Structures are given as C-alpha cells and as structure tokens.
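Alright, structures below, take your time with them.
In the two complexes that follow, chain A is the common piece, with chain B as its partner first and chain C second.
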Partner chain A sequence: MKKDYHISNALFVLPAVLMFAIFTIYPFVKTFQLSVYEWDGISPNMKFVGFKNYIDIILADKIFWKSMTNAGVITLLALTFQNLLALILAVIIDRGIKFEKFFRTVYFIPPILSGVVVGLVWKWIYDGNYGILNTILSYIGLEKCATSWLSNPKTALLSVAIVHMWKGFGWGFIILLSGLQTIPRELYEASSIDGADSFKQFYYVTVPLMIPIFFIVSILTILGTMQIFDLIYSMTRGGPAGATEVPISYIYRYMSNNELGYATAMAVIFGIVLFLLSILQIKISRKLKKV
Partner chain B sequence: MSSKVEEAKLSSYLILLAIAIICLFPLLWMLSSSLKSQAEIFTNMSLIPKRIFFKNYSDAWVKGKFAIYFLNSLIYTFCGVLGILTIGSLCAYGLARLKIPFKDIIFLILIIPLIVPLPGTFVPLYVLLKRLGLLDTRIGLILCYINGGLAFGIFLLKSFFEEIPKELEEAAIIDGATKWQIYFRIMLPLVKPALATLAIFNTVAIWNEFLLALIILQNPLKMPIQRGLMVFQGTHITEYGQLMAGLSIATLPVLIIYLLMQKYIIKGITAGALKG
Partner chain C sequence: MKFKNFVIFCILIFLFSCSSKKSKQEIVIWHWMTDREEVFNKLAQKYSESKVVTVKFETYAPSDVYREKVRAAAQGGLLPDIYSPLGDQRELASFIKAGYIEDLTEYMNTGWKDWFFEAVLQQNTYKENNEWNLKAGIYGVPIDVVSIQIFYNKKIFEKLNLSVPKTFDEFINVCRKLRESNIQPFVSGFGEEWLIDVFSKSFEYQILGEEGMIKTIKGEIKYTDPRWIQVFELFEKMRDEKIFAEGIITMINKDAERVFATEKAAMALNGSWGINVYSGMNPDLKYDVFMPPKIANAKYPLRIWVSSSFLNVNPKSKFKQQAVEFLKWLTEEQQQIILSKETKNIPSNKNVSSEIESDVLKNFASNIDKSFPTLPVVENWKVIGTKCRGIQSIIIGQKTAKQLALELQKEKEKVISEIKLGSN
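Then we have the complex of A and B:
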C-alpha cells in the first residue's frame, strides 16, 4: 500500500526526469566520450585517439584561441561599457524621473528582439554600399571614416561588439534597477542630513548594498557574451578571415564539417573555461562580502 | 543652487532620451524600410516613406515563404510552452509537496543548467536526434525546446507551490480528493501568476530561438521564422524592402506581447537573475 503511494507520486516527476536524462544528461556525458574519438558522425567505426584532439586544440589551433580572445574582447567591452551604461541609466531612473515607464519600456526592447533580427538589421546599417551608417557619416562630414564595417577586419569585431552591447544593456539595466529599488529611501535621507552629496551617497550607500547585484549582472554578462552566436552568425558568420570567430561559431563550423570528435573536445575546453570563470566570480564575491 | 539642480535634471533627460533614440532607431529604420519600394530604399533616407508600399509584405509572406515560417513558429512556440508548463508544473508540484525518494537531489540535478553553463552540448544532441530518427522533424525540435525550458520552469514553480499553505491540501484530502484532483483543481489555479510569467517568458524565448533550429532542421517547409530569415537573406541579398518586411513580421508578435505583458517578462528576467 505504502509503496503504491510512492509510485504514483513518482509519476509527477517522471516526465521531466526522463526528458532531462535524455536531452541534457546524455548529451552532456556524450560530449566527453566523443571528444576522445575521431568521428565523422556517419561511419559506424569511431577511431579512438585519446587526448589527441585536446592536444591539437590547445597547442596548435590558433583559430580556436582567436575565437576565445574575440569572445573575451566582446565580453570585456560588455562588462565595462555596457554595464556602466546600464548602471548610469538605472541610477538616474531610480532617483525619480518623469516618463520613467516610457524609458524602462524602450530600454528593454532590444533584449527581447531575436539575435537574428538584430543581426540582419544592423548588417544592413553597417553595409559599405547601402548602409545608413556611412550615409550619416558622410552627411556630418566624416566620409573618411566610412568603411564596410563588417567586412573590414579592423572594424568587424568592434562593430559586432557594439551591436551586442546595444542589444544587451537593457538586461543589466532592468536587473540593476530592481536592485536599486530595494534600497530603503531612509538611508538616502539619513545620509543627506549628515551632509553627503549625491556622489558620496552613491559611493557609501548605493555601492556597498549593490555589490551582490553587480556580481549577478557580471556573471550573466560573462556567460552570456562568451556564448554569443546568433548575432555573429547573422552578421559575419565569423568572418572576415576569422576576425569575428567565437567559440560557438567555431564549434558549429567543425560540426557541420562532420568533425564531431574535434568539435566536442573544443566544447569541453570551452565549458571548463566558462565553469572556472563562474567559480572565480563566486569566490571573489564571497570574499568581498566578508570585507 | 536650484539652477544647478535644474541643469542636472536636464542633462539626465538628455542622456535618457539619446539612449532611447539609439534603442529605437534601428527598429524604426526596419519598419520604415519595409514600407518603401526597392527604388525608394536607395534614394530616400528619411524615416518616413514617400508612398506606403505594402507589396513587400505580401511578397515576403507568399513568395518569400514567410507564411510557412510564421505558422511553423506558432506551432513550435505553442507546443513548446504547453509542454514546459505541463511537464514542469507536474514535476515542481511533486518535488514541492509529495513524498518522493531523493527529491532534493533530483531537484538539484534538474536545475544544473541554471547554475553551470553547458556549451556545445548541441553536437551530441545532434547525434542523439539522428539516432532516434528525430533529426529534421518537428517533434525533435519541440522536445528540445521543452527540455530547454524545464529547469527554469521547475525552479520557479516549485518556489510558488511551496508558499501555498498545507492546510488547503489536508482539507481536500479529508474531503476525499485524489492527488491528481488536488493538483488540477486546487494547486494549479493558485500558481497562475507563475504560469503566466513562464508562458510569456518562454513564448519570447522559443520564438526567438535560432541555434537548435539551425542544427536540427534542414527542410525549409519545417523551419521557424528565425531560420527562414537566414534562408531568405541568403537568396535575396539586396532586396532590403522584402527582407525588412520579413524581419518586421518576425518581430511584431514579440513586440506586441512585450508591450502588453511587460510585467510578466520583467518578472521572469528578475526571477531568473536573482536565483544565484
């Protein structure tokens, strides 16, 4: 009788557990297994190569490391400029302003758009021949700066990064704003009676209370940006000449070339890097909390 | 002193407004270009079309196959969201309220994707779907979408179920209700706000999804709109009017849902972010 009770309870959980086992756990484990083989995904015999894929990637694959650096550059830009902009906007709006709802609504539009839509619109804006950006530049007398933004190796990465930040800052903005709004107003009033101006208030009241939120936003920015793909694929497909290649686009490239062992080995290395980055962030945030 | 405050206020507004314009411009540019004829697109750089040209939309819809892509996206989004809500809420209720062995461990394992990034699992997922005969099938893509939304769904719903007072269930048991009746008639209606948040959040996520659709589908007739856009762009490179019409078709549903249901989307975002 009691056992029957348990079995029907398990029915509630079973569909989710089954799906998760098949579509998340199995692929996750399989990633490690495939990474020590040379396999085209079709032929019945997989050739065991041990750590050869890993060694090749780590020691010899310059494009893989370039893809990591590219994603790293976009991530650093997003961590600084994008989040700084998000913070400034959140602080201004938190201090109370008219049309608050309008601004909040508008800033969160780019994050809800699809990466492909954003990528394709901006690809046209950046276009060397027909793009509005060059038209605007020549209108204000800066023809010299005009270029094919996405096919010029010098400007491609920065151009992509700008679009990523354009699409992403509203995210940080919303999270930071909801954090700011939990700070009790009395703290500001008390500190202003003590003679603190708004900069001092920000430094001594806002910042210490916001540190946990800053870390959440940073972790999300790092993990989200390192795994950037849709924008890259729709704007440049990693080109020109690997100038905007990122880890996911590179893994996808090898997968489409039917080099599954190599692709999964890259996925493992990339996954470990992301894992270490998030552990590092959590460690730092714990330390800061103690101080 | 007060003029200084005024100045600060004014510059605040200028910053806010400038950023708002930068946010909106690409979107307005897309919409306005979608209403210009091919000739006007390259000559009239104004945001307002001289003559409204709807043919881009009808061409994109029929010749560009956006009717098919749009319908596919509707199917994937509807089935995906329904699956996430059903399977997710059943599991969350079980973990929150029923006696199940090892349920704390099961919960921790299920929410792993929220804590640890698992990049590149799409490669073995592709192999798996191929073996199961689910590659290039609608059901294969839908199953992946459901699985993708489960972790967050279970996480959010479990916390809602846990807040419901136990007395409600105990009273229902005394009245002779089975646990399935309790789940459907009492518990589910009480977590409606969480279900709404999840529904809208996942609608936007699935509608916008690209990578899984890219690796799973080959047949254009099965593609959702995000993939359709890439196919269209690849074959009609400089037909910007039609492309912008396609992009607008892909964007309008999400934009409308966002403007109507903003509250729920923001809730989903902040709940997702503050999980850490």
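Then we have the complex of A and C:
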C-alpha cells in the first residue's frame, strides 16, 4: 500500500521532472559540453579543446571584456536613474493623485512594447539626417548640440542606455508601487503623530520596509540589462566601431560565424558573472535587512 | 471500450496520413527570398502541371532565421530536397564536407554550366587543391544574379552640371561640389560590415590584385604593407572631403536606401535590388549607376561585388534526380525571362540578358564579368570584422590608416597562431 502510494506520487512528479530535465538540465549540460569543443555547428565531428576557449576569453579577448564593461555601464545607469525615476513615480502615484489609473497604464506601456520596435522608433528619433531630436534642438537654438547620436562613439552608448531606461522603468514602477501599497498606513499615521515630516517618513518607514522590493527590482534590473540585445541590434548592431557592443551581441556574432564552442564558452562565463552578481546582491540585501 | 476504439481509429488516421505523404513525389525547396515568393510559386505550379512531380517552395525569413533553420535541420537530418546554406565559401565547404550538399559537376558537364555567367558559377565551384580539401566540382545552381555599384541621382547631377565620375579624383571632385551645394554626397549601409567590405574590396583589388589578396590571406603580405595603408588612406581622404552622409556607420542598408530615395544623398553604394526598393520608396526618383571609382595608376583592373542566389541539392533527398531536373528547368531561358521580369533581377542564364527591360539593370548586367574573383582561400571573419570596424573608426576620425593597419596585422597574427595551434 505504502509502495503504491510512493509510485503514484512519483508518477505525478515525473512529468514535471522530465520537462525540467529536457528543457533546463539538458541544455545547460549541452552548453557546457559545447564550450569545451571547437565546432562549426555543421560538421559531424567536434574537436575537443578542453578549457582553451575559457582561457582565451578570460586572458586575451579584450572585446568580450569591453562588451561586459558596456553592459555594466548601461546596468549602472539603469540601476540608478531608471530605478530612481520608477521610485519617484511610484511614490507620487501611491500618494493618490488624480488620474492615478491613467498614469499607471501609461507608465507600463513602454515595457510591453517590442524591443526591436522601440529600437527602430528611437533610431528614427536619434537619426542625424531627419531625426526629431536634432530638429527640436535646432528649433530651440541648440543646433550646435545636434549630432548623429548613434554614430558618435561618445554619445552612442548613453543614447542606447536612455532608451533602455525609458523602456524599462515601467517594470520597476509597477513592482515598487505594489510594494509601497503593502506598507500599513497606520505606520505613517503613527510616525506623523511622533512629528515625522514626509522626508523622515520616507527614510524611516518606507525605505526599511521596501528593502526586499528594492532587492527584487535591482536583481531584475541587473539580469535584464546585462542581457540587453534587441535594442542594441535594432539601433546600432554593436557599432559604431564596437562602441555599443554588449556580451549577447558579441556572442551572437560568434554564433553567426559558426564558432559555436567559443560562443558557448562566452555564454557560460557570462552566466557565471550574472550568477555571482546575484549572489553578491543577495548578501548585500541580507546585510541591509539586518541594519 | 469506446475509448479504446477511438484510440485505434486515431492511430489508423495518423498512419494513413503518413503513408499517403510518402507516396507523393513532392520536391520541397526552402528559401529566404521573400521578394521572389510569388513568382516561385507561379513557376512551381507551372512545373507541377506539366510533370508528375509537384514542387513546393517554403519561405523562411529573414535570412538570419533561415540560416538557423537550415543549420538545425542539417543536425537533425531534416533538410529539404533543395535549399541553400546561405553563407560564404567556408560555410558552404562545411556543408559539402558533412555530406549535406550534392556534387552537381556531372549534371553541369552535360552543357548546363554553359548557360551561366562564368563569374557567377565560380562562387559555388571548388577548384583542385582548395583550402578545404574538397573534391573539385560545381555544387550549386545560380538562380539569379545581384551586383553592387554606385547609384546616382540624375536630377541632382543634371542640376549641378556634374558628370559621372570615373576615377577616384573625379569622384572626390564631384563630392566636393555636392558638399558645396549642401547635398550629402554618398550614402551606404555601412552599419552592416559586409557593405564596407564590398566598397573597400573594390579598392583592394585595384591596388593589390588577386595575387596580393591571396598572399595577404595566406599571411605572406602583411596588413602593414604600404599597399594596404594606401587602401585605408583612401577612406581617410573620403572622410576629410566629407563625402559620407551623416550617421553612415550605424546605418543599415534599409536606412541608407531611404536616405537616397528621399534625395537626401546624391550617391549610394547599393545592390541591383535597389531598383525595386527605390521604385517602391519614390517612384519619381531618376537614377542610374556607375562603377566604383578607378584609382589613378592602379596596377590592377577594377572589380566589383557580384553574387547570386544559389540553390543546392540535398544528396540524401529521395527525389534527388527530380530536384536536379527541376533546377535545370528553372534556369532554362523561358523561366529565367519570367523570373527576371517579375523580380527585376539579373537572370543567371546569360543567354537571356538581352531580355532585361530596365536600362539600369542592363548596366548592372554588362559588368558582371568584372566580378571579384573567387579565391581559393578565404580571409577569417574576425580579420574582416576588425578591418570593417577599423574603417568605421577612420570614417569617424577615431583611427588613422596606419593605426588600422597595425591593429589588423595584430589580429591577423592572432588568427594565424590560432590556426597553427588548432592544426597541432
């Protein structure tokens, strides 16, 4: 009877385990396996190279690390400005302003748009020949500031980062707003009776209770931004001269040129970096909670 | 009991549907050419009416998606009867080596190969002692031809009384006059590295010649050689003369086509497909084409980029013979005329080039024999990428010709050492 019970339990779990094994464990193992081979993706023969791909990437591939730096810069901007904007807007909406539902909907429109579409629209805005941005700058007398935003290596990365932040702040906004709405109103009333002004209420009530939410938002921001690709591909393709190259676009370039072993090794290293970043963030968050 | 009967019924239906499919002689062709979809289907229908075999064209676009599909299908043994791996000679060689592409030499030697432009057929042909140690032979069938030259806006040229430049100096002079009139001289999709490569190669072949190119690829001529620096200096010269349109280095070709079609630039390096694109974007646009500029005292003749849409036969196809027969039929004069008229592309069958309606297309077709030669060796994609990104840097003033030459040589040496390590 007990045996039957266990068998039936195992049978219920089996489909989920199988799905997990096929769609998660197998690709993971296969990716690692490919990364220690040299393979063009076509030939039936793969050449085992051990950790050569890893050594080459870590020690000699400057472009890969430059692409990581680029992604890091966009991530840093998103972590600060994008999330700050999201927080400010969430706090304003949480205070109960007029047309609250309207704003809530409007702020959530950019994240649901396709990255490629957003990229193409903004590419049009930034265009040096007929872009709206340069037209506006000329109209208000700032024609000296007009430039080919995406073709100038000094402005290209920042231009892409701005679009990414515009597209992404809605996620943070929704999560932060839902977090703010879970804070009991009584706490604000009590702190108000104790003489706390709005700033003190925010600092002593909102911030400590929002730390788990800040943590989730920052984890999602880091993971989402480091893996940026669709905007880059549709706006600059990693150009000008590699100024906006990010890890995924670089990996994609190797994949497209049939260097699957090297590309998957980069993917593994990139995955490890993201994993370590997440661990670091969890630790920081735990420390903050204790404080 | 009812359920059991239902299951048996379903299995029978499934088996029946499978067996009926197998008995049908259907040639399946995978392609990426969305602009040719309609005419392909028409031709397939025409062929199916006269033969026992039916033909089915399946379109997968964009080309990136198509490429991935073909590679996945090759791994899974699911390639169709006719397809193309869509890649350079190196990639084609990988497919041939893996046994995914049929050697068509025997069929071609029956007189079939004489139908095609020599330069075009060469692109799917491997000679003896090739880099990949492949058996010499012809492995693909060209369906139509595309070529890249420089389009120019006739209205602007007439208005400014400019004549078509033939030499590099004349080209620079024309650009200077255009700039003086506040018109952007030259545009192209230089955000796509391959277009930079095409433009650069038209100078490279003039300065280094075929032999020099082969020697460079083999590592016998360094990229720091004065001849290579001369090539890169041409880009410096063009940058200093402000010939390039605003934002050219991040423009994809579609954007560049729009800039030319809306008359925001007077000249555009683009392919013969541009005829279709421009007529769609601006039907009133008046344009013609000319060859890339000839460098004064160049040692070697001017060459241009010519390519073809090839189709290859799957050697494991059940209907291999029928597939070859269909391709032969598709490249016959009658079908080639239909294809050319409907798609406004240059036919691969040279015997029908007189049937081309558009004067601009005729101009393209008349220069096909000046194509870049098919070399027995191919430069590594990383070196080409470094070159193209380096030229982008020159255009925006971030690098000099000499800096690029040094960087390129460094990359070349890295690639050579990787190859040496790999062969050990």
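The definition used in the following text is that the second predicted complex is superposed on the first by the 270 of 291 C-alpha atoms of A that agree within 3 Å, B and C clash if a C-alpha of one lies under 4 Å from a C-alpha of the other, contacts with A are read in each partner's own complex, and residues count from 1 in each chain.
What we mean here is this: contacts are C-beta pairs under 8 Å (C-beta built on N, C-alpha and C of every residue); 3 or more make two chains touch, one makes a residue touch a chain.
Since the model is a prediction, treat every value here as computed from it, not as a measurement.
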item	value
Room on chain A for both chain B and chain C (clash or fit)	clash
Partner contacting more residues of chain A (chain B vs chain C)	B
Touching partner for A:G41 - first (chain B), second (chain C), both, neither	both
Touched partner set for A:Y188, first chain B, second chain C, both or neither	neither
First, second, both or neither for A:Y54, with chain B first and chain C second	neither
Touching partner for A:P27 - first (chain B), second (chain C), both, neither	first
Partner chain(s) touched by A:W65 [first = chain B, second = chain C, both, neither]	neither
Which superposed partner A:Y204 touches (first chain B, second chain C, both, neither)	neither
First (chain B), second (chain C), both or neither touched by A:F81	neither
Which of chain B and chain C A:Y130 touches, first, second, both or neither	both
Shared chain A contacts, counted only where both chain B and chain C touch the same residue	41, 130
Residues of chain B that touch chain A when the two form their complex	9, 12-13, 15-16, 19-20, 22-24, 26-27, 29-30, 41-42, 45, 87-88, 90-91, 93-95, 98-101, 103, 106, 109-110, 112-113, 116-128, 130, 143-144, 146-147, 150-151, 154, 179, 183, 204, 207-208, 210-211, 214-215, 226, 229-230, 233, 238, 240, 243-244, 247, 250-251, 254-255, 258-259, 262, 265-266, 269-270, 273-274, 276
Sites on chain C touched by chain A in the complex	64, 67, 71, 74-75, 85, 87, 91, 94-95, 97-98, 100, 184, 191-192, 245-252, 255, 259, 262, 264, 381-382, 385, 389-390, 392-393, 396, 398-399, 414, 422
Chain B partner contacts - residues on chain A that touch it in the complex	5-6, 8-10, 12-13, 15-17, 19-20, 22-28, 30-31, 34, 41, 85, 88-89, 92-93, 95, 97, 102-103, 105-110, 112-118, 120-122, 124-125, 130, 132, 135, 166, 170-171, 174-175, 178, 215-217, 219-220, 223, 227, 229-230, 233-234, 247-248, 251-252, 255, 260, 263-264, 266-268, 270-271, 274-275, 278
List of chain A residues in touch with chain C within their complex	38, 40-44, 47, 60, 123, 127-130, 148, 150-153, 156, 235-237, 239-242, 253, 256-258
